[in-house]
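Okay, got some structures for you below.
Note that chain A is present in both complexes that follow, paired respectively with chain B and with chain C.
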Partner chain A sequence: MCGIIGVIDKQRELMDGSSIRDALSIMDERGSGEGAGYAAYGVYPDYADLYAIHVFYDNLVEPKAQVEDLLETWGMIEHDEEIPTFEQAGIPKIHTPWRYFFRPKTRLMQRSRTPDDEIVKHIVMEVNKSIKGALIFSSGKNIGVFKASGWPEEVADFYRVEKYEGYLWLAHNRYPTNTPGWWGGAHPFNLLNWSVVHNGEITSYGTNRRYIESFGYDCTMYTDTEVVAYLMDLLVRRHGLTQELAVRALAPPFWEEIERMPEDIQRLNTALRLTYGSAMMNGPFAIAVASPDSIVGFSDRIKLRPLVIGEHDNKVFISSEEAAIRTVDSAIKNIYMPKAGHPIVGRTVA
Partner chain B sequence: MIIGSRPTKFQVVIDKNQCMLCGRCVDNCSYGVFRMEPEGIITNTRNCVACHRCISQCPRDAITIMERPCDYRSHPVWTAQVKENIFKQAESGKILLGGMGNAQQYPILFDHLVLDACQVTNPSIDPLREPMELRTYIGKKPRQLEFIQKSDSDISLVTELVPNLKLETPIMIGHMSYGAISLNAHKAMAKAVSDIGTFMGTGEGGLHEALYPYQEHMIVQVASGRFGVDVNYLERGAAIEIKIGQGAKPGIGGHLPGEKVCADVSCTRMIPEGSDAISPAPHHDIYSIEDLKQLVISLKEATEWKKPVFVKIAAVHNVAAIAAGIARSGADAVVIDGFRGGTGAAPSVFRDHVGIPIEAAVAAVDTKLRRQGIRNEVSIIASGGIRQSADVAKAICLGADAVYIGTAALVAMGCRVCGTCYRGLCTWGIATQRPDLVARLDPEEASHNVKNLIDAWTLELAELMGAAGINSIESLRGNRDRLRGYMLDQSMLDVLDVKAIGA
Partner chain C sequence: MTTITIDAAGIHYTPLNKQIRQAVRDGASEIILKNVMGQRFIGDGLIGNVKITIHGVPGGDLGMFMKGPTIEVFGNADHAPGNTMDEGTIIIHGASGDATAHSMRGGKVFIRDDIGYRGGIHMKQYQDKRPVLIIGGTAKAFLGEYMAGGLVIMFRIQDEEPYAEMGLASGIHGGEIFIRGAVEEWTLGIGSSARPATSEDIDRIKSFISEFSQYYGIDPVKLMNSSYTRIAPVSARPFAGKYTWE
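And now, the complex of A and B:
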């Protein structure tokens, strides 16, 4: 199952987390109380040009020292603090969430066009693979992911998401089926500027994981969703595809449709399928991917999971259920279900 | 005569009550088992190879063939096979020959791998109701695409794709040469692959004129003997395959006996009639990987870079590193032929003891190419011991793009895997050039059988994919997560990169 809700304000008007909390909570029956989370864009205006790195620590001794060593090797920690949390009956505090505002030393990464992103990606992979008791779950600029094992409303109250204001929110309510419910397994999954929520099960995960690992990404979360974040990072940041083309590569049209396209579009789509066949995702899914200036929703090619789009003034909503969208915006008129596989993009104009 | 007669391998028994003395068995047996006498049909049972042609033609089910009616004293070490090999070599002083694939009792890894299916958490997909894509492109793909963005909506592709073969199913028929098998067998398979939208290999015996109508579905082979190779041949093929080695006999060449080189074979191979066609063990212009690269480029140059070039190797111990070298040679696909691959004739010692099985080889090659970031440089074609659709699915899960079948296609045309191809007496008209025997195989009818087989496997493959919640073959390729190892040890699981059942 799982429930997802996302919203973007095209003018970057800030929204606090209270309504998204309510929207996610109304879909409680889509989850099992084993994981929920929120990603918000624009929440750290005071540190907007620094990477906000969120870490789950099992304890504040060995893993914390190791993570800080690594951060200081690659750059400067300009500020750090414990992420404020508020005790909830349903959430045993297994981890201590911490945040760093980090400035990479770009000269240390010579071989990349985007050295600062590359440094942070390297740190995320390194920590999650090698440092026991530490897990980086959020690493973008001016972006914060807040997640834990629990029901949507408990996780929201645990972090008091109503205190955060963002122009883009992405939230997820989990019903885990292939891996246990644990904090790291809750969505959204984030890498750099990418955040992903996902309802479904990627049957091509074995292929996708081996593909992405051959480009230097390590899958460490024991769940299929993380590959989506890494694939978007690879295709858009490193290979230079537009977001629409990247989504097309992940959920391409059927050959039958491609054959009916005009010649040059056919050529492009054929090239995408041939080149990125191993990145293509199969199985039932509805996915929303956020980046600082957009939110993209898309489903698998035969739409085995629900996806509803709502549009009202400057806001675009993506959700598993219409009811969740109406919880945020009761006056909304334009609600529709997109065609299978077709991406719906909400983009900022400001 | 020190050793004397050995127990007959087969005993042919005719039920006199059933037999109506029609003589079909006499006519059909090219090995001289039956003869008609006034008192009835007399059998020379020692000549029987169990090709079952007589059984298939007997209108009364009067014939029974029993295997080893009188065997040697059983012994776990000194088996009948071992003893007979010693007898033969004691008498002849020669290398033993055998037909078809590996006949040793090695465990078959395919039979220790099980596939996955969806339950509850994700729905299986019904191929009767939903699209199911098995289309496969064989050839080099770019590592990444380059675009020029002229405006928000106007994006054009800069990357030029090199030619790929488009297969409607990931099943092709591998290389069996004209000479080793008959023209009718070739015609039947060529028609079948053309009708299906897949491909077959010519083998190293050139391309007979009768196959020109199917040339768009033929992969022409360039082997160490270079039989039948000229620019006309290269240009006719849809792709070109350089054969370095063969799973049934890694490290050695081939030998088509002069008896099989009839006038037609002689023309097609461009060798004198009646002469032995000997393929040397190495290509005499390839003594290292850089020489291979030159040949790949020469062949591409000769055909104006319009055709994919494949390189076929036998699965040997270091297959992954060799394949990585081939991937860097400019080749478009690497064909890995496992040690169960068939052959018309091979020294038994090679057939049974040299090389590794295709399952491990494909897994190792796919893993190596991915780790080196060059998996898109070449497609992987698995061959050697693909017996059923489940083997195809498992080979693809282990990392193959497509498979070659060989023996299975022959079996679809009647072959009983009697392993006597090298004698040129094939009663089914498959592995022979004797006109009366070849005439038994009706190409039209046989092509239906071959097409039916590939169609049936394709349907089964679609069902297996649907059950696994996958509607496109790309998502099965290298998807080892959808396999589990049953009774495999940890080191084998590590090589295959597959978890154990229950894990």
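And now, the complex of A and C:
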């Protein structure tokens, strides 16, 4: 069990984090106090064209020097600071969150259609695999992830999420079942533009991990969710699929369903299943994926985890429970349960 | 007749349920809960003849293990209202989530609109205990999964197309399901069979059609005069031989 709440404003109107904090906290029962987190898009307007790199440091000596060396090798740190935190009784500050606003040296990455992204992805993988005592948990432009071990309201107050304003928020309350709870294992998981929250278990994790590692992504978080962020990056950024098609590849229809489809749609779905067989995710899950212009929610094909969608004016909500959506927007009328395995997309128009 | 009103805004479900139990002990015949927002387990294990009226959106497992009370909700319910309920009535003026009436053993659950996946999963019956789940809208897949007893009636008031959700009554080995209108052949799960309902069948469900129509202020004539499909188990042991060799 875990709790998910996400919201996008299609006109990119900014919302501070206070109502998302309250919405996630109403689902405290879905977690165990071992991890909660918030991803917000649009929070760093002053550095909007730079990569905002958030790092957990075990100490501010060796790991910090090594990370900064690597960043300076690949580009320029234009600004850096400790991420402000505020003591909470339930959160021992075992890591120090730090942020860098980073400009990659584009010419250093040859043979890529997206060289800057490729440099940052390389740095994230390198730090998380090789630098002891440092973990990059957020690396997008104008995006910030704020997470720790604790209850939703404690983590929100630890970072004071009400001080941040974003047009898209994605939040998660964790109930770890297969691996211990730790700061890096809290959701959202982020890589570049992608942030992912997940309720459930991906039982195909072994297959998915081997597949994604063959494309140069390293899984270092001791939990299944990170593969979703990497798979979205691979399928959408590098392979050029739409988000809807990427979700179809990750949670495809059953063969029996494909057989009942019209011929052209049947061909497309067959091709997707055959091409991305190793990316297909099995097990019970409800997932929400955010990118700078969209939020996508989907569940496993037989709906073993809850997912509800709400729509009101310019806002689209994705949540585990209706009450969380109503906590943000008490006047909302259109709340529904999507079909299992089918992506629901909220996209910006501005 | 004593009515007690409780403002549930910002109250966790444990103190809220304590207040409900205290009100019942104090002899309340009706309890009105205002501003309910996601509180789970409301009325769980509650025994008696009390009526609980809920304004707002209750959380999961509403009326679980309940024996006797009537709960009426003006709003939607989350997952598993009526979970393992023993006696009493739940009336939802809205929709409900997955596993509605999960493992129900007695009493009645009425949902005006749609329900989520796995409605009526593992409902059961024993002697005079026969739970009833009545759905005004439609159900997502796996309705009546592993059903062992009881009765499900689904009206699909807004729909005239054949019902088309997979895994219908998959693993059913007791009880029966009535669906207004036709059902696509491929929807039938393992161990379930379908046939048109006879007039004798419909006579057996008429009292539930009346009760449903009365709660929601609907004219029962259309529902009474419709044709229904009856889903029932092929055998009492659909998985015999699947896990053991006999």
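Annotations for the structure displayed:
We take it that the second predicted complex is superposed on the first by the 350 of 350 C-alpha atoms of A that agree within 3 Å, B and C clash if a C-alpha of one lies under 4 Å from a C-alpha of the other, contacts with A are read in each partner's own complex, and residues count from 1 in each chain.
Here is the rule we use: a residue touches a chain if its C-beta (ideal position, glycine included) is under 8 Å from a C-beta of that chain, and two chains touch if they have at least 3 such contacts.
Everything numeric here is computed off the predicted structure, so don't read it as measured data.
By the touch criterion defined above, A:R273 reaches chain B but does not reach chain C. When the shared chain is aligned, chain B comes close enough to touch A:W255, but chain C does not. Judged by the touch definition given at the top, the superposed model places A:M337 against chain C, while chain B stays out of reach. When the shared chain is aligned, chain C comes close enough to touch A:E322, but chain B does not.
After overlaying the two complexes on the shared chain, residue contacts for A:I302 are found with chain B and with chain C alike. On chain A, the surface patch touched by chain B in one complex and by chain C in the other comprises residues 254, 256, 302.
Listed in rising order, the residues of chain C touching chain A in the complex are 37-38, 40, 57, 59-60, 76, 78-79, 95, 97-98, 114, 116-118, 140-142, 166-167, 186.
Partner chain B is touched in their complex by these residues of chain A: 177-178, 200-201, 203-207, 209-211, 213-215, 238-242, 245, 254-256, 264, 267-268, 270-278, 280-284, 301-302, 304. Partner chain C is touched in their complex by these residues of chain A: 26-27, 29, 254, 256-257, 260, 302-303, 306, 308, 321-324, 326-327, 335, 337, 339-340. Of all residues in chain B, only 118, 120-123, 125, 130-131, 133, 135, 137, 141-147, 149, 155-157, 159, 161, 164, 370-371, 373, 375-376, 397, 468-472, 474-482 touch chain A in the complex they form.
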